[in-house]
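Okay, so chain A shows up in both of these, paired with chain B first and chain C after.
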Partner chain A sequence: MSVHQAGTTSSVERVDLTPMPSEVPQVQELGTTSAPLKSAAFFIGAYCKEYNEDFMLCKNESREPGHCLKEGRRVTRCAQDLITKMRENCLSQFNDHWNCLEKNNQEYYLCRKPERTLNACMFEKLGLTKTIPGGGLQGQQVHEKANPIFKAMQK
Partner chain B sequence: MPVPWEALIPFGLLTAMFGTAGTLLNASQRFQNLGKPPRYNLDKWEESMLERDRRLTGHKRGQSIEPVAPEAFSVNTIIRGYRP
Partner chain C sequence: MSLPYRQDMPPAGGFEAIKYKRNLPSRGPGAYAILGGVTAICAYGFYRVGKGNLEKQELQRERVWSRIHLVPLLMAEGDRDAYRRQQAALAREKAIMKDVPGWEAGKSVYNNPKYAQESLVLV
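== the complex of A and B ==
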């Protein structure tokens, strides 16, 4: 058995270039990648709360893909709006935070210092606060803790 | 008495070999990850996000903060089929 044996099942990768049907209203997709999105996540939650909740309730009714397109468009547009505002107002703090996240496996607890500056800027310029719904095990907001247990090894 | 410097050669060799191996490994990983440390402990969600990043920027560790995606993004999902 030193000759390569092709398996009985073969997987093919295809790209389907068919666009959406023309009767579905068009929305431009969100162009933010994972690290900036994770950095902005709690602010998207605060800013777009109603649209996100609408979408989740709609999905709860039916998981069919075509059922929640309208709510989905609203969610996308709200997130795009917030990203634009963040870039206008807090660009350097935003960039600092998501660059820190990218270097640290996208863990929040390793990037508290840039996060604090970003939270301060967002509160001052846009009035948005990062709140963890329900808090931690003791109900606290772990990002506001003065001496956390889980932290970076070096100061 | 003169210092037995020949006895320290193995220590030097070990340090050099471990150091070179570690440095080359780190350099290779950083090169593959666009100068950043590699990602670890990735679950299905994280892998899906990495695939989305690849579709948006061309490299799975590429990042962008554009609010609007490029035109090709809406149709460049890879669909995997299995042919029995």
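== the complex of A and C ==
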């Protein structure tokens, strides 16, 4: 017979609440959950390309957390800027798409319909397009395929 | 008594043809038609599988790139948190070891300048 025994290690969550040193400029964290981030990923990639690349090049120099704080703040501010713009211009399409992702295991191919309206809105309002680098056959973008093989069973 | 001679003859219009042919109902398409049909269906199926595999690759590429675009953002946030904890741990170590002469707070036990994540986190 098994007996329930308390573990030898405490399961109490320990959180280090010491604030950031005051000499480091503060930045508001993005705080966006995974589905909206996934919905906005390609637009973040397009809009914040320079900042992202700068940050990754900096990380390539050194993996130390303190090394790229400045570049990291720029990345976060840029993403914040984009999310704000998205919410100002294409709020309903954005909400539709990320809610769809939320309900469909965060798979893009199950949410093509709301994605197309979002892409159209983003192009119209902000001039951003979703482009997947690399491209397969003849550089065709999989999200623009008219008659895909993998699609939602139910329309 | 004598009967008049009479030659035995076939019936008028001749005998009917001998039924030697098999009279079976039609049993559907022939073997070659079935073989050809199955081959055609299989060929179309494999064609679709091939197309689907290519599309699956593209979907995977889409997933991967969506993550690649998010990596700097997530890493920056994680770095800020790690830096904050690092500084807190350093301050704590300094306070605890202030009476020990010659103690360098935050010094690695390894003689390697390359950054390595802390394997132990003391809170």
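The rule is short, and it goes like this: the second predicted complex is superposed on the first by the 142 of 155 C-alpha atoms of A that agree within 3 Å, B and C clash if a C-alpha of one lies under 4 Å from a C-alpha of the other, contacts with A are read in each partner's own complex, and residues count from 1 in each chain.
By our rule, a contact is a pair of C-beta atoms (placed from the backbone, for glycine too) under 8 Å apart; a residue touches a chain by one contact, two chains touch by 3 or more.
Nothing here was measured: the structure is a model prediction, and the numbers come from that model.
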{"item": "Partner chain(s) touched by A:20 [first = chain B, second = chain C, both, neither]", "value": "both"}
{"item": "Which superposed partner A:132 touches (first chain B, second chain C, both, neither)", "value": "second"}
{"item": "First (chain B), second (chain C), both or neither touched by A:87", "value": "first"}
{"item": "Contacts of A:30 with chain B and chain C, given as first, second, both or neither", "value": "both"}
{"item": "When both partners are placed on the shared chain, which of chain B and chain C touches more of chain A", "value": "C"}
{"item": "Touching partner for A:4 - first (chain B), second (chain C), both, neither", "value": "neither"}
{"item": "Touched partner set for A:59, first chain B, second chain C, both or neither", "value": "second"}
{"item": "Partner chain in contact with A:102 - chain B first, chain C second, else both or neither", "value": "first"}
{"item": "Residues on chain A lying within both footprints (that of chain B and that of chain C)", "value": "14-16, 18-20, 29-30, 79"}
{"item": "Residue ranges of chain C in contact with chain A within the complex", "value": "48, 51-52, 54-59, 61-63, 65-73, 75-80, 82-88, 91, 115, 123"}
{"item": "Residue ranges of chain B in contact with chain A within the complex", "value": "36-37, 39-41, 46, 49-50, 52-53, 56-57, 61-70, 73-84"}
{"item": "Residue numbers on chain A that touch chain B, as the complex places them", "value": "8-20, 28-36, 79-81, 83-84, 87, 94-95, 98, 102-106"}
{"item": "Interface residues, chain A side, partner chain C - complex", "value": "14-16, 18-21, 24, 27, 29-30, 37-38, 41-42, 44-45, 48, 51-52, 55-56, 59, 62-66, 68-69, 71-73, 75-76, 79, 108-109, 132-134, 136-137, 140, 142-143, 145, 148-150"}
